[in-house]
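Dropping the structures in below, format is structure tokens.
Next come two complexes, and both contain chain A; in the first it sits with chain B, in the second with chain C.
Moving on, here comes the complex of A and B:
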């Protein structure tokens, strides 16, 4: 490797390495403060104890089946989101009057704290996975509808004119021109929807003490297993981050090169 | 003289209500009537879909009770404190990351990926650190609103016109003068947008924490209505809460002039 190339590589890797070093340094400092009695270990367990309890939480708390349950709920909400959200967006794009009448309502719904309806959903659907899936679905629906409308409305005029010049029927125009052109934007909506769904699903699992990963945190906290609680929280964050990264990769793969 | 093509009839008067308004009214009326019919049909468990009259009564009782306003003030105070702490710290960190490329590359991806994780799962930790009172709710609201504000401020800082920064530097402005007179006015829109997002998530975080463990606040009232199965009261509270949340969100956007941004 030539000297300038080495210099460029160093410049690229130095900031993330520094960030990681600061994070590790922070955990070492917390460990020292706990061991030195400055921080109360009954409030903040030592990081070494948290790392040590990872194995125990994974094996004893059946974390894989819990993960699969949360993932299943998330995917069920995702399928419903895609079907109803995209269909709603297409319907509103097709009937302009409906779009003009309802788009503001959908946007307002996006800023409403829908997850707070979970006690209502518990009354309707019971303390079950259905409540969790329905909350995830309803709370994440607005971005999918809005992005579908945005994608369809943003189709380039030239593409629509090409379709017209080929005398395509309304259905052919939709499936061969509008929908493929809008697909990348629709996927942005689905990605946002899935993120909202995951947040709400894990949150409601924690709140109603039912289901997968969210319930695990509540369970461990109620048992006052502090190290286990911290480890479970770290695990949920890790799963969420991996979920977002995967969605981002799929989105990049779907988006045509600019 | 030949008659020119003059208008002989008056132009038709514009309809009093536009088709959009008519459709909106039709949708609202259909929902209200459908709800009332469902409520009286007996197909669902009694009170799951209470009649609009019962919800109206509950709404009236709610809005005329002092207890509700006391709890509303408690929740508003918690959300205000969370927004102040999370918003200011988020803005400070965002400005720092936006101004320094090295720090941005070192730490911003942590914020980017931690931002959309579910914050309510931190509630057991917040209870351990700040107790079961309002402190833990404020802490959860703070944690929720910190990320969107910090990320918006960092992005806003990077999009400031370099010329404006050079003007500030050529006047030898101090760091504080640069922040107050150059950075903050130039990044007003992204910051307001961040605060708007922050307000939404702080509200959700605080209220969810109240539903989990508290003895006052709107979240507590909602879960209390659930536990005594007072469904009309729960619907009434959710309606008021949604109106307040959507109104607050729109107000912050309007105050910050977000509607004036050219797209």
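Moving on, here comes the complex of A and C:
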């Protein structure tokens, strides 16, 4: 291995290695503070105990079936998001009046804590997976709509002119130029939407004590199984990170070089 | 009446009659094209030359039917046009390949619109890719190509629609001098081979003289016709002709015309800048 090659290899591994080291360092520090009595172990369980309870939580609490449930809810919300979010964005781009009328409050909705409306959803859909999916869907809709509009109206003028110069009809202009040009931005919207959906779905599961990973955290907390609760939270974080990374991979795979 | 009217050999394929375009901007109206008239014969190579901002692209958009807020008439083979016309193909000044399509799919785009069967489409597209010298790059995406290669993709895409009239708006403006010369040769070769009626917009004098049968020189604001120059140099013209004496004379003549306009343009812009920055300083 030559010196420059080693240098680039180092460059590639250094940031993640450093990130991991910071994380480990943080846990070690927490551990030391708990052992030294600075932190109360009945509020924050020692990291070693959390790691120890991972196996128990995975086996005894059926974490994988819970995970599949949450994932299923997430993907259902994702399908709805893609269909209705993109369609909404397209309509708003197509009819400027609609855009002028709605864009601001769609944007406002993006920053509103929709989860808190769960009682309303419970009244409509009952204490069921449907409620959870619907909240995930509604909460994640704004980024998909907004990114779709952004992508469509961001299409370079010259590409639209190319379409015109080839005498494209209105629908050809949309399907052959505007939509493919907007697709990368729409993907970003869908990825953001799915992440919003995951966060909200776990949150609602926790709040209404129903379903997958969110309910597990609620259960463990009510049993005052602190180490288990934190282990479950770690698991959710891990799932989110993996989910995020997978989405990025899928997105890169779906769009060719540009 | 323009000076070359008597020199018409056949019925013109393109006629621009008294084109006038005015843009309304917050700082007042800008006349981009001021009553320009000219015509182009079948198979002819005509260049439009003028300083930056004189209205070349605007004229190009009018002829291509992309701009409809103009006065005057554009007609193709005797038919007045009121929008994009299928016998006019355009190559734009900006990079205009579709980044989501491979080279071959970019070039096959106009063929796809005609509903040509896939295999035939691919064969036709290959033919034009070869013509612009991009064989071997069929399955690449534009993002993987250089700027000059992308412009050739745009050119091939427009050629694939087999337009009767090819409009090119400074297609090689963003390229370095060497690439630009090589591509110029390529375009000329294709133009001669296909007997393609071509209208090239440029601000490069050498390029214009080397390629054209006629050059329309435009003035700076308002964009008027300053002069029409017939280039009587023998063909085929390769890059070597650039060194000849006759070539030099044409360049000098057009350069003199343009220098006047360009310096007027610079002065105009300086005044503009000074005028607008005065209160701030």
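We adopt the following convention: the second predicted complex is superposed on the first by the 215 of 258 C-alpha atoms of A that agree within 3 Å, B and C clash if a C-alpha of one lies under 4 Å from a C-alpha of the other, contacts with A are read in each partner's own complex, and residues count from 1 in each chain.
Criterion: contacts are C-beta pairs under 8 Å (C-beta built on N, C-alpha and C of every residue); 3 or more make two chains touch, one makes a residue touch a chain.
Remember, predicted model here, so these are calculated numbers, not experimental data.
Partners chain B and chain C, once the complexes are superposed on chain A, both fit on it without clashing. By the touch criterion stated above, A:229 is placed in contact with chain B alone, chain C being left untouched. Chain centres taken from Cα atoms put the angle at chain A, between chain B and chain C, at 90 degrees to the nearest 10.
Touch criterion not met for A:39: it reaches neither chain B nor chain C. Contacts of A:180 after superposition: chain C is touched, whereas chain B is not reached.
Considering which of chain B and chain C touches more of chain A, the answer is B. Of the two partner chains placed by the overlay, only chain C lies in contact with A:158; chain B stays clear of it. Residue contacts after overlaying the shared chain place A:254 against neither chain B nor chain C. Within the superposed three-chain model, A:166 lies in touch with chain C and out of touch with chain B [touch as defined at top]. Across the superposed structures, the minimum distance from chain B to chain C, using CA atoms, reads 18 Å. Chain C contributes residues 61, 64-66, 84-86, 88-90, 92, 94-96, 98-102, 109-110, 113, 141-144, 161 to its touches with chain A in the complex.
In the complex of the two chains, the chain B residues touching chain A come out as 19-20, 23-24, 27, 48, 102-107, 109-110, 113-114, 116-118, 120-125, 128-129, 200, 203-204, 207-208, 211-212, 219, 222-223, 225-226, 229, 231, 234-235, 238, 241-242, 245-246, 249-250. Against chain B, in their complex, chain A makes its touches with residues 14-16, 18-19, 22-23, 43-44, 97-98, 100-102, 108, 111-113, 115-120, 122-124, 195, 198-200, 202-203, 206-207, 214, 217-218, 221, 226, 229-230, 233, 236-237, 240-241, 244-245.
Interface residues of chain A, counted against chain C in their complex, comprise 156, 158-159, 161-162, 164-168, 172, 176-177, 180-181, 183, 255-258.
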